[in-house]
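To keep things simple, chains are lettered A, B, C, D, E, F, G and H as they appear, and every chain counts its residues starting from 1.
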C-alpha cells in the first residue's frame, strides 16, 4: 500500500492519523533530541550511546533521556572511571561490564525481555575480549541467552573440536576473527546455524588493525556474513535480531 | 564432549564408528574429489560450482558429481552458451536463470526442499540484477519463498516508502548496495527483520567496483551485517540459513 | 511542519491528499519502472540514462520512457554505433555529441529551458574532452549558456592568463583536473565565481586514473568543491543547479 | 584580452600601470608576508588562519596582520586556551565559537557584510559539530544567513521528513556526511537547491576517519559536489560563494 | 676475510686470481648476456626464464643460452602454443607441464640432480593449480621428491585430517593460500616441518587477487613464512633450497 | 589413514584411545586455558607470550602456566619495568634481553635444547635491533647457534662483501629489511643457504612503517621467503624450524 | 623585479612590450593550439606528443604543428604501425625507435643540439627496455651523449661491479628500478654523479606494476631523486636538463 | 675493467692492493661501526645522523665518530633540548638550526667546502619550514649558496611572478609541495634549471600526510624529479650533488 493510498484513507476517515503514522512506522517517533527512542519499537534493538568523543556530562544526559523514554540505557566503549561517575548519578539498577567496557542501566520497573533462543559467541585470544563482550551485552539486552566459547584458535584445532557440541547448540553464532581471521571460516564449516564474523583489530605489521581479519571474512570460502572491525555492538544486535526471529517462531 | 571421550566410547563399544563419525560431523564425508557433497548435510547449504576459471568440461564433470552425490547441481557465474552445452549433457530438470547467470539442475527423483519462511531481496538499479538474482536462486534452492522489491533507490525515497508493507513481511532481507551503498542503511532503519547487505560493483571513479558500497555497509549507522562485493551466493545462502532456522522453529 | 501535522490536516479535511502528497514532495511520483521521471520536477535536473552495462535495447526502452514522461532523453557514455541504432528508432530531434559521447533527444513539442546564466568549462588536454563534454551537454540541457576555455595548463601559465577575462565572466566554473590536478586550484585563485573541480582519469603510473587529480582537488589550498573522477554529468548538473539558482534570482 | 595587448596599451598610455595591474587581478596584491590579504578582494572569501602546527605567538601575529590589512581575522581549529590568549591581546570585537573551535575578530570600524541568501547546514550526530560549526562561521562571515538543521539521520527517516520545509527554503545546503555518508544523498534527493557534502571523520574500523563518508559522497547516485573530510572551512566558503552569487543577482 | 686481505694475498701470490674470484663467489660469472648462468652454482637454484612480456623468439634464444651454459632450461608462465614452438626448435628432452604452464628442457648429457628429501605441496581448489604446479616443477628440478595433497580446504576439515599422515612425512611443506588464506595456518598448526605459504590470486570482490590470502599468511597466528601472490617459482625454489640443506645433512 | 579407519581400529581394539589420539596429533592437548602448551610438542616451537595489550598480572599468570606445563616461558615485546616485576615473582633462571625486549625464564630442571645448526642474522641499522633481537632469542631457545652480522647496508657494499665468509657458513639466514628492503635481495644473491627476510618498520614518508620493505621482499628478483613487518618471533621460529630439520638430518 | 615595476617601466618607455613579455618569460608564447611550442625556449626541453588516447590523425596533426613551430617532433608510446603511417606523411628525417616506442622527426634545416655531457642509463631486465629507451631518446634530443649499461642486477652483484668504470664516467645517471627497485640504491652507493631512479612496472602479485619499485626508490637509504613509474620521458628530460647545466658550465 | 682483470693485475704486480681497492672504490672503507665515514669520499655527500629512535647518548656517540673520521657532524630531526645536551659535550663549532631541527658541528681545523653554484629553495607555508630548512642545511654543508624564496603559493600567482627573477638565477631548485602539491609544477613551468620537488606532510583529510602532494609531483605535467615526503635531507643532498657537478664544470 503506497503513500497516496494511505493519505486517501486518512482523508476518507478510513484511517486515523495515528494508524497512518503507525503504518508509515519509522515515521512515528517520540524523538527526544539526539536520542532515537523509537528505534527499539521499530527494530527491537535498544539504542546505545557510543561514548567516545562525548564528555561524561553528554553521556550522562543521553543516559537520562534513554531511561526516560525507553526505561533502559546502554553505553558502549565507556571507561570504568566515567562509568562510576554516571552510575553515581542515575536511579535504577546499573551494571558496568568491565571487559566489555559497557554500562547498562535498567530503570525502576523496567522489565528486561527474555527470548527462548541462544547466541553463541566464540573467541580466540585476549584481543577479542572487548568486542565480543560488547556483543554479549547487547544480545543479552535483546533477551537472548548467551553461550561463550573462549580460547579456541585455528593454530590448535583440538580446542575447536572439543567444543563442537556446544557450538552446535547455538541458534546463531558470533565468531571473533583476530589476526588472519580464519576462525569464523573454520567454525562455519562445522555448524548448522548462521555465523556472523566479528573481525578484531589485533596483530601488528601489514594487515593489522583488523584489515587481514576483515578481508579474511569477506573472502571466506564458506558461508557467513560480517560486520566492521571491532563492531561488537552491531554483531550482537544482528545476532539478537536473528535469535528473536527464531524465538518468535517457536510455539 | 571432547575427542578423547568419543574415542574412549568407541573403544568400549558404547559408540559405533559410524556414530562417532556422525558425532564429529564435518568429519564425515563422502568426498568425491573436488566436490564437497557433505556440505549440504553439515550446513544445509547446497554446494555450488563457481564457473569462472574452469573449462566447460570441468564444470560439466562437477555437475555430474553433484547430481550423483546430492541429487542437485547449482552453477554460478555461468555464461548462457556454456549453460546450453551443460544442459544438453545432463539428465534431470535443468533451469538456466539468465539474469542471475546461474544454472540449476534437479536430478530425477530430487525433492526440492520447501520451508515456510520468506527472504526479501531489495535492489536499486541494473547493476544489482546479477548478484541479487544469484542470491534469489540460492535462497529458493534452500527452500525459502523469495520476494523481490526492485528499482527502489535512496535518491527517490518514495520508492522505498511505497514498498514498506512488502519489506516488513519478509523474515530476512537482502538489500543490494550499489554506488554509495546507502540503501541497506535506509531499509534497515524501517524494518524489524535482520538485514544482510549485498554490496554491488557499480559506479566509476574513486570508490567504484563496490568499494564505496562495501565501506558504506560496514560503517552503517544502523544494524546490519554484510557480505563481500557481488557475493550473491553468500548473501542468499546466509539469508536462507536464517530463514530455515526461523521456519524450523515454526510449529 | 511534521508528518503528524500533515496527517491530522488531511484527516480534518484541511489538506487534500493531493496537497499532502505535494507537500511531502519527493514522495509524489509518476514512477515508470526504472526511470525516475519525477527527478526533474523535484530537483530541476533531467534524469540521464547511464549506458554502460546496459544492452542497446535496454537503453532504447529507457529513452522511450524518458520521452514519454519528461519529453526529453539524455544518454551518457554511449558509443556512436549504439547511438545510431537508438536515433533510428526514436521520434523527435536527436543529437549525438561525439566528443562527449552523449545522446540527447527532444521529443515533439519539448520546450528546452533557457536560463540567463553562464557555466564556464575549462580544460587542459585531450583526456579532459569527454568528461568536460558530458558536463557541457548537461549544463546546456538545464538551460545555461556554456563557455568553453580549452587547452590551458599549469605548465604554461600564459594560457591561463590570456583567458582571464573570459574566465571571470562565468557565473560558475567547472575546471577539469587532469594529471596532478593543479588547474582548478590555479583558476580558483584568480576568479570570483564558485569553482567545481572535475578530476579526470589521465596520466600513468602511481596516482593515475585520476587518483592524484582527485586528491589534489580535495587538498587544494584554495576554495572549491569537487566531484568524482570523470563525473562530467555530476559536475555539469551541479553547475547547472547553481546557474539556475542565480538566474532565478535575477530580476 | 591577452598579456601582450595589455602591455602594448600600457606602453601606448592607453592603460595606466594601476589599471593594468587591476586587469591582471590576482596579480595585484598588498602582500603582507604570509597572510594573503588580497584574497578577499579577489574571491570575496576572507582568508582564515589555520592554527594547527603554529605557535600561539605565530597565530597572534597573523591575526594582527589580518586585522591591519582586512579589518577582520578568522582563526580555525583553535583551542579555547589559545583563543583566550589571543583575545586578550587584540583590539576589536572577538568572538570564540567553542563548538566550531573558531575565533573571529572584527576590528574597530569593520562593517560585516550582509547578503540576502541562506545557507542551510544539516548534521546527524555529535561528530559533525565541529566541521559544521566551522562552515557556519565562515558562511556567516561572508554575510549569509545560516539555518541549522541538527540531529537528523538516515537510520530514522522521520527526522529528515519532519524538517523538509526548512531544508527546502535554503538557497544552498551543506550536509554533513558521517559514518556511511548517506545523509547528503538522501537530502539531495528531496531539495531543489545545490548540495555540498561535508564528509566527517567519525566511525571506527574499516572506512573510518571519513573514508567511507567521502567515498559515499563521491559515488552518490544523486547530484552533489563534495569537499575533503572535515573541511568545514572549504564547505562554508564554497556555500558562501554560491549564496553571494545568488544574492548579487537578486534585484 | 675482507676484500683487502684477499687482494694482499693475491699480490703476495698466496692466492691465484682464480681462487680469489671463487672466494668472492657471486663475483665470478660466465655471464651470457641476460641469462645468469652462475646462479645455479652460487645458490643451487636453476635460473628460469619468465615468459610474460617476451616474444617467443626471445624466450627461445634464452632457452638456447640456458642449455649451452647449464645443460638445462626452465620456462615459467608459458602458453602451450609457444611451448610447442620452442620444443620444436630445441635438442634434448623437453617436457611441457600443462597445468603448471612450465617448459623444462634437459640437454643431452644433462644429469638431473636427485636429493633425498621431500617437498609436500598442499592445495585447495582449482585456482591453486598453476602456482602450485610451478612450485612442483622447480622443486623437482632441484632434485627433491614432491608429494601433492590436493583438494583439502578449511571449510571441510576432514579433508585435512584424512591426509595428516602424508602431510607429516614431508621435510618441508608448501601450502597454497586461496580465498581467505586460512589453509597454511591450519596445516602449520598440525605438522612439525617448516611451512611456506603460497598465496593465490583467487576470489572476487574486496581482498581478491590474493590480497586477503597474502594478508592472512602475514598475520597468521602460527609460524610460517610466505612468498608473493602466485609466486610458485619462488615457493618451489625456497622449499627446494631447504630440502637440499636437509638432504645434504643426511649421512 | 583416514578418520574412519582410525575409529574402526579403535572399535576393534587394534588401536587404544591413547594411540588414536596421538595419531590425530594436534588433537591431543594438555590445554591449560589460554596457553597452548602442546604447541612445542606438535611443532617444536616454544609458545611465547605476546605482552602488548595484556596487564602485567596477566603476563605473569601466563608465565606461570608456561613454566608449569613446559618448564620454560618466553615473553616478547615486554618493557624492562614489567620484566623486572615478573622476574621478581618467578622461580628459575630469568634473563631479560633488553635490545630484543624479550624475557626468557627457564624453570628448575629445564634442559635447554641444543642443535648442531647455525642461524645467521643480518641487520643494517638501529631500527633493526629489536625485531632481529627477538628472532635471535627464539632461534636460540629452539637450540640453534646464532651468528649476528650487524651494520651492513646496501648503500655501502663493502660491508656486505667483508662479511661474505661468515654469511656463507650459516645453515639458514634471517636478513632484516629496513627502509627500501634491498638487503635480503643482495644477501640472497651471494649465499647458498635459505634466506628469510624480516621487514622492519623504519623510514618515514610514503612506504614507511615497513611497507616499502615488505613489498621489496615480496617482489625480490631472487629467491627468499618473508614474514610480516617486525615479526621477529616468526622469523626466528621459522629459521629455528629449518635449522632443526637440518640438525636432525645430521648423523 | 615585480610585476608592478615592469608595468611602470613599460609605461615610462624604459621597457618595450616585447622586452616586458620576454621578462615575464613563460608568458611569451607562440601558442599553436594544443602544442606548447614555447616550452623548449622556456625550459630547453623539447615538447613531446604523448600518443595514447589520441587517434593517429590527431598525432599526425600535432607532429605537423611541432615541426612548423620548433623544427622537430617527438612522439612517445607510439606503436610501430601508427609510426609508419605518420612517417609516410611527414617531410624531414624520421626515426622510429622500436624498443623505446618513440618517433623522432627532424624537419629540414633542423640543427640538433649537441652538449658536452653524458647521461648514463642503467637497466636490469627486459621490462626496463621501453622506459629506459624513452629516456635515452629524450636525453639525446636534448643533445647529451647517452651511455647504456644493460643487464646488471642486484641478484648478481658482479654485473654491477664489472661496469663500475663506465658508471663512474657519466655526468648524471638514470637507473631503472624494476621488481623490488634495489638497483638505483646500489648504484647510487658507488658513483659520485647525481642518480635519477626510474621505477618500472614489472613483477606480479603484491607491489607489482611498479609500486614496490617506486616505494623502494622513495625509501632508499642513499641519496637519489625519482620520477613516476615508467616515466622514461621525465627521467630523460630531467637528466638532460642536469647534463645541459653541467655542459653549459664547461668552459 | 672487470674484477678478474683487476685481480690478474694485482697478481702480476701491475696494480698494488691499495690501487686495486681504490679502483673498486665503494669497496674501500675506514668503517667505524655504524657510521659510514667513507660516504663523503665516495659521493661527496656528508653522512648525517638521523636522530629519531636513537637515545641522546647514541646520537652523541655517533657525532663523536663523525667528527673523528670526517671532521664534521650533521644531525637531522633533533629536538632543541637534545641538541643542547650534545652541543655541551662536543669540541668544535656547533650550530643548531632551530627551524630545520638540525645540528651541525665543525671540528677544529675543519675546512667547510665552498662551491660556486646556487641552490634555490622555494616554500609556500608554515608546514614547509622544517623539511626545507633541512634541505638548506645539507646544501650549504656541501658548499652551495642557498637562496630562499618563501611564502609563495599557487592560490595567489603574483607571489610566484614577483619572484621570477630570483627563481631563474638558481642553478638548481628545490620546491616544496604542500597540500595539493601544485607549486613545483607551476615553478618548473617558468624556470630553466632542474627542479626537485619536496612533498611536505601538510593538510588534513584524504590525501593528507603528503600523499596528495607526492602524487601531484609524480603526476606533474611538467618535468621534475621528486623525493619522499618530508625528505629534506635527500632533496638538499641531491640538489647539492647537482650544484657541485655544475660548479666543478665551471672553469
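Here is the rule we go by: a residue touches a chain if its C-beta (ideal position, glycine included) is under 8 Å from a C-beta of that chain, and two chains touch if they have at least 3 such contacts.
Heads up on the chains, UniProt names are A, B, C, D, E, F, G, H = Nickel pincer cofactor biosynthesis protein LarB.
This is a predicted model, so every value here is computed, not measured.
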Quiz item: Given the pairs D-H, B-D or C-D, which one repeats the contacts seen at F-H for over half of the pairs?
Solution: D-H
Quiz item: How far is the middle of chain D from the middle of chain G, if each middle is the mean of its Cα atoms, in Å?
Solution: 42
Quiz item: Taking each chain's centre as the mean of its CA atoms, how far is chain D from chain E in angstrom?
Solution: 59
Practice problem: For chain A, write out the residues touching at least two other chains, lowest number first. | Solution: 3, 24, 26-28, 42, 125, 153, 155-158, 161-162, 188-190, 205-207, 211, 214, 218-220, 222, 228, 231
Quiz item: Between which chains does touch occur?
Solution: A-B, A-C, A-D, A-E, A-F, B-C, B-D, B-E, B-F, C-D, C-G, C-H, D-G, D-H, E-F, E-G, E-H, F-G, F-H, G-H
Self-check item: chain C residues within the chain A interface of the complex
Solution: 3-4, 7-8, 10-11, 13, 16-17, 20-21, 24, 27
Quiz item: Which positions of chain C touch chain D when the two form their complex?
Solution: 1-3, 24-26, 42-45, 158, 161-162, 164-165, 168, 171-172, 188-194, 196, 214, 218-220, 222-228, 231, 234-235, 237-238, 241-242, 245-247, 249-251
Quiz prompt | chain B residues within the chain E interface of the complex | solution = 26-29, 31, 33-34, 36, 38-39, 42, 53-54, 58, 199, 201, 210-211, 214, 228-231
Exercise. Spell out the part of chain F that touches chain G in their complex, as residue ranges.
Key: 124-125, 153-157, 178-182, 185-186, 188-190, 203, 205-208, 211-222
Quiz item: Can you name the residues of chain C that touch chain G in the complex?
Solution: 125-127, 151, 153, 155-159, 161, 202, 204-207
